[in-house]
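Note that chain A is present in both complexes that follow, paired respectively with chain B and with chain C.
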Partner chain A sequence: MDLLLCSLLIYLLGTMTIIWPHKLEMTAHYAGTACAIIASGMVAVISICYLVMPVGGLLVDTDWGSYSLAADGWSSVFLAITGIAGFFISIYALDYAKGYRGSRIRALTGLWNLFLLSIVAVLIAGDAFTFIVAWEIMALVSFLLVNHEADRKETVSAAYQYMVMTHLGTAAILVAFYLLGSHSASFSFVDMMQNTLDGSLKHIAFGCAFAGFALKSGLMPLHTWLPNAHPAAPSHVSALMSGVMLKVALYGFGRFAFQFIGMDNIWYGLIVMIVGLLSAFLGVLYATMEVDMKRILAYSSVENMGIIFGAFGCGMLLMAMHLMPLAIVAFTAATVHAFSHSLMKGLMFMSAGAVMHATGSKNIEKMGGLLKKMPYTAFFTLIGAMALSSLPFTSGLVGEWLVLQSFITLAQQAGTPELRLLVVLSFILLGLTGATALGCFVRLYATAFLGRARSHIVDKAHEQPFFMLLGMGIAAVLVVAVGILPDSVVNTMQMLVAGPMTAPMGNPLGIMWGGSGHYAIYSPVIILAVTLVITLAVAIAVACFGGGFQRREVTWNCGTVPTERQQYSATGFSKPLRRAFDSILNSQRRTEYIRKDHDYFGRKLQVHLEIPDLFTEKLYKPIQTWMISSSSAFRHIQEGSVSLYIGYTMIAMIFVLIWGVM
Partner chain B sequence: MDYLVVFLVLVVFLQTRITDLRRAVICMASQSLIIACACFWLGLSYSSGFHAFVPGLLTLAVKVIFIPGAVLHLVGKLTNEREILSESNVNYSTMAAALFLVLGYALVERLLPGSAGRDIVAASILMIMTGLSMMVLRKRAIIQIVGLITLENGIYLLGLLLTQGLPLVVELGVFLDVLIAVVVLVILTSRMRLSFMTTDTSVMKKLKG
Partner chain C sequence: MGYVFQGLALNIVQALLLLAFAPLIAGVINKVKAFLQKRQGASVLQEYFDLAKWWKKPTILTPYTSIIFVVAPAVYFITSFLAASMLPGFLAGQISISDAFIFVYILALGRFFMCLSSMDAATAFGGMGGSREVYVSVLVEPAVMLAILINSLRYHSTTLSGMVIDYDGAYFTVSAALACVAFFLVILAENSRLPVDNPDTHLELTMIHEGMTLEYSGPLLTLIHLGSMLKVMVFLTLFGALYLPLAVPLAVKILFGAVLIGLVEILNNKMRLFKVRVYMGAAIVLLLLAIIAE
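Right, the complex of A and B next:
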């Protein structure tokens, strides 16, 4: 019996909690979550073993007629991502989901297992049919999970928006599969690799596949479901959706790009790269404007998926120029960043859940000073925030460094000045993205955890139960471990995309890349050592010579005692950026006086700030308006009058007769 | 047979111009009578014996006597004068009928050139289209029933000509169909008269949710 199929069976066992008796709902929850933990751990171990030693097969040949399961290196990376993220998020869910006691917790746990099961099934599907079925189960189960708190109106609307959008994506993927399958021997992936698709049909297939997978991974302009669905879902579900489900879309797109469509066309890579980079920049820009913690993280997912797809597009461009040895850096960057994003975004959504659990709110403007109330959570969040803003010693920088290296490589190799200019501009955009991400997470962390409490909801905040901290802790340890010793992960990913023949980029000291013309080295170990030495030296110096200049004072505030309302608010913190990019953001500010007795004193005012989503306003709303108006025009055809219907029959008959006469 | 076709076309044209309910029903009965005559005549000319007379007799019984009788009975109950006179401008209907006749002839010329029964085919197409247009354009329920019967007669005539007599079971089925449809329609119309005090079908729009 295959171990991977075994883990699928355990997931299935966990799904059975749906039908447990109501009295035993907590037992059902524990048992189901334990199933998810065990099965995810198994998936992680199996796939990592396969990645380290790719001998034999991940799956013993499972072939049922025209349907089959198959797993290769590309799927095992994503299986590892699923397994690891599923493992620590499930541990977190053990305590987190307790909050849903009495409100369909059995369904939550059961669907959680089914969700993980469907993700694994997508990754090991060996033909288009199995893939689509698993993909659709994944979409439906995640819809149900997003819709779990269905008694709130915004949850339901977010869930249905997600449902509609994700089905559009599935439709596009179906078209792509249909086109490919009709030009190959069968719909199995092995046969589809030898497809004979050519010309404009190939362009259509590529466009559909890219649109479908970009929608699922939340690239702009198809991202609109994402910032609504993530805050609506329970936190561990958002963590899994953002950490893993978005990567599954990358898996699908990678399979199309590597195996089915090929990368000969330079436009394919260019489109993917530009869409990815624009999503990265706009995503982080919107993230910086939000005050809802989970919406910030959701937009940050848009950003990171944008970076990943940008790197992937960069690799596709290098492949189109037939520079296979150099393209590996880009694909390695994409996979490494996908892996590290699954860790850090999982971590951050978990800590958002912890904060919500403690304060009952997602609005960071109401928080502040949580560091003292929940120190462990604050520490783990700090690591996650550092990783997402790609600071050293975290996995975030490893991926981002490789992405930057791949762009430098591309700029170096670009044949034409136009392409080089474009790549240089992309590089600048990427730098801007990184800087904005730093600002975004400084803002998030500082507003929520530092300073003083902004409202009374912080007062009752408390540290989280053990398993929630354990889940976050595992993720945080992994983030730091990959950040300090990146060589194993980088080498594994490199071996996967390039084969075992190439010289590995990583060694115990760090990562090196010589493809960009210069020898680039990133060594977290050396940086860590230098930092430690400097810190130690400063500490010793302070201990020996200083010590006298430490005094505690209240901040000087023009003679008054500073209150918590005088702290930087999150909105205020991001105002310079909002002003700078107002042409894109188009923010709507409205000031309202509640009381105004005098021009300067005794006045009370309310400021409403709205930042409409660019694509919702400029793309989706016009389409929506047009669709509604055109359907109401069409409605006159269907008036409900019987004589009108008979009239249609008559007109049809006259047409047939006239046609006969002609 | 040619005279029959001429009478038939005349009756159909007359039908498009009639606004009085009672006359419309009588017109329909005479139209059915002509169809019955055509039936007998075809039966004689193909000399298929007793089998040919059954449809004719059935037409006589159902479409000439029973249905007009039932509808006339219904009309007799409509006391309101405004009800009995129909409303719309009938010139357009007549012109449309003329167009349908041209269309019918054009169709026959193309599809069945040199066929013996070209007048009959053209007349039946005229009847089908006129019946349909009566059902669509007129608002009185009774006129719509008349339109249905006209349509039915047209189809029946066409079938009669093209197949030289359908199998008996099919003929019986068709008559049963028409009979039941008309019975249901008459019942519905009389219910409608009781509920809405009118047989104008446009008031039924009120029922829409």
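Right, the complex of A and C next:
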């Protein structure tokens, strides 16, 4: 459709803010962000219309020489995710990015448009060449955005780490495309679909594609860039990266799995599922240990992408067992959870930005009592935290429930003892992940928003400007709306992965799934209705017949007045978990005596706690050490003496001559 | 639509019934403990009197608390009530609006708010309780998931009503017995009973659930206590209906479970907090064996 190309032009128009005169930088910002809002809204509306009323054929189908654009249903879902998240995050950026006035705000706004443009371009690419070009633009633009606060040292190192790792991923994807393309003698997606590889080349292509996309979506052990890049980027950029860019990797992987490689091999599904579930648990475990708000959210993205890929792998496994009617629940679960994660993680990164804006810090150990200072932000964050803990009436539980149903379905079909054991282990991991996620977000919310202020930075905190609240509000409303009325989203996703022939899982009362035997039902509307009735009854009972509210009184604290330092800290809150899983976390704790007059009192201590990332320590650092030592071994042949180099040349020539004679 | 409303009304009636008897069961557990300690003990109705007493008292709040602190007890009570209304019906004509996973996540909603409120009063005890509650729940959750998995494998359903023991088939099997023991361990941990937590102590460094309730008074405290009594009742009903493979009426099974809790609480000490993972590990291994034996 031409309208989609129009929205691309609007993004391009927004990108022009980079070259606006410096004097008009705020005008440039407003104009550029308005372009992003309008274009994202258009993308959202167009793709949703296409999904709801498929007119037949493709959403976009254009050819310009070697570039071609084509967007089918699978693209449209991710276009909708991009459009919706792009829309509310851009509204938020109207006010949030004002903080960058005087520090390259024109570039920020321009690149923001270009980033959205490149994401849309990746999603509508019709051949491998266009895909890779758009993918590279997306990587470079997001690198520049992460690196926006380049005057800070850790930002630069995070940005370069991201740059290097994302290019490794691109290299892997290039190899996969090369194998497919050279086999089908064309880089067009349509041709690649018709000529599937076989044999070991297929395994290599699958491995490369999975590695490349897993890297971009932050699955362990390829996640190490993610917890560094998200905190370094401006908050709205992190929201878009986490909410949308990670899903683009799922889009790419889905295209490979569904169309180019196929799922007939049982190992493919197994690998994806195991990697996904392990990432989910380890991701949330690390999230629970962090004190930097954005690092917590970044690790939580690792968790959620893990759950999404876990469900996707479960579906691939069911497909490999030739159980297509059952596999749809898993693919639906993966896409629904991807959509819901884009809403809730977008929301949470926006509130992290709001908190940073208000307090100037990302460290939750310094916060406390923010609820009273910024009630609206606190309310929206509560919804986000509930959704990420997958609690009822939020979109989080819809995805989570479908994921659990798909694993139950897999369990029913698991014939062999090995597979059954694997399913049991997946359930253990899912249980651990779910409960730890709840703990993680209780900890985040309670430390930052409840209790008393832990430092003076909270004193000057204030409620956020209108557009920031509006952006968060839209996301919060969507999270709750999808959580209470999930049927349209679930049915859309189901129709997309299974075609219009299957009986829809969603109906106005809730969602139903019968693949695991009897029908399982989740009806948030009815539960909500019952809840409201009981709530009313309890409220009336407490208000009319209870003992009433008497007064506020300071807590009894053994004769002393409680200080704000006696509150539990975030680190203390997660200590039991840290001890329970210390064999994985390997935390390093060091106590230093600053003053010690006596063994028991008059002491002043300082405790240093460090929880290094398992894979950074055990995988990346050894590789790095090995690379440096092996390259320094080569240093000996390069001493800098000219006669030695002439000697090398002579030896090389002799070899060439001998080789030529032979 | 008529049958939906009728079914929902029956669900609520069932929850009200369980609510009415929940303090009695708590009284029975205390009486069993007193009997085994060769004490007279309080009347089995004592819990009703305690609840009435707290209900009449006014609420006193700490100055640092926010709205979350006031909302949390209500959410906790309501989620317990919802869980009670979702149990496999013993009244005819009920409708199923959810399944076992939703049951778990409804209870998680109550836990979420209780843990938030524990941090809201800005004291050390509350945070300690919340932190430990999270720790225990992380260890319990995998066992709960496996308990659901084993029954859904056996009865091909994830709804609670679909998982009720089928007395027509072979119901007393090795795997059913293993699952029964494991689920009883889950009940103790999930409801803050000995040996995981001690429901009788205040102001000890060992407490978990009581630590979170320390700052509450008046009707809010009543709601929390009623909520946790109801939760015990709900889990005992679930234990009887789904996991205890004995062909006796449900009420007898609930009483049996209550006596069993009393007995276990007398015979065991509170376990060290970091030993809980070994305890829950045992439950998980039992469930694993049950699934393999299935």
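Here is the rule we go by: the second predicted complex is superposed on the first by the 640 of 662 C-alpha atoms of A that agree within 3 Å, B and C clash if a C-alpha of one lies under 4 Å from a C-alpha of the other, contacts with A are read in each partner's own complex, and residues count from 1 in each chain.
By our rule, a contact is a pair of C-beta atoms (placed from the backbone, for glycine too) under 8 Å apart; a residue touches a chain by one contact, two chains touch by 3 or more.
Just so you know, these numbers come straight off a predicted model, no measurement behind them.
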| request: Once the structures are superposed on A, label A:Ser643 by its partner contacts, choosing first (chain B), second (chain C), both or neither. | output: first
| field | First, second, both or neither for A:Tyr568, with chain B first and chain C second | value | second
| Now for A:Val248: first (chain B), second (chain C), both, or neither, which partner does it touch? | neither
| message | For A:Val661, using the defined touch cut-off, is the partner it touches chain B, chain C, both, or neither? Pick first, second, both or neither. | response | first
| task | Could you say whether A:Gly369 touches chain B, chain C, both of them, or neither, answering first, second, both or neither? | result | second
| message | With both complexes superposed on chain A, which partner does A:Met653 reach: first (chain B), second (chain C), both or neither? | response | first
| query | chain A residues in contact: does chain B have more, or chain C? | reply | C
| query | What is the contact status of A:Met220 with respect to chain B (first) and chain C (second): first, second, both, or neither? | reply | neither
| task | Overlap the chain B and chain C contact sets on chain A and report the shared residues. | result | none
| message | Could you list, by residue number, the parts of chain A that touch chain C in their complex? | response | 368-369, 371-372, 382, 386, 389-392, 397, 400-401, 404-405, 408, 411-412, 417, 420-421, 423-424, 427-432, 434-436, 438-439, 441-443, 445-447, 449-452, 510, 516-523, 526-527, 529-531, 533-535, 538-539, 541-542, 545-555, 557, 562, 564, 566-568, 572-577, 579-580
| Inside the complex, what are the residues of chain A that reach chain B? | 640-644, 646-647, 649-650, 653-654, 657-658, 660-662
| field | chain A contact footprint on chain B (complex, rising order) | value | 103, 106-107, 110-111, 125, 128-129, 132-133, 135-137, 144, 201, 205, 208
| field | Contact set on chain C toward chain A in their complex | value | 4, 8, 11-12, 54-64, 66-68, 74, 77-78, 81-82, 85, 96-99, 101-102, 105-106, 108-109, 111-112, 115-116, 118-124, 126-128, 130-132, 134-135, 137-146, 149, 152-153, 155-159, 162, 215, 218-220, 222-223, 273-274, 277, 284, 288, 291-292
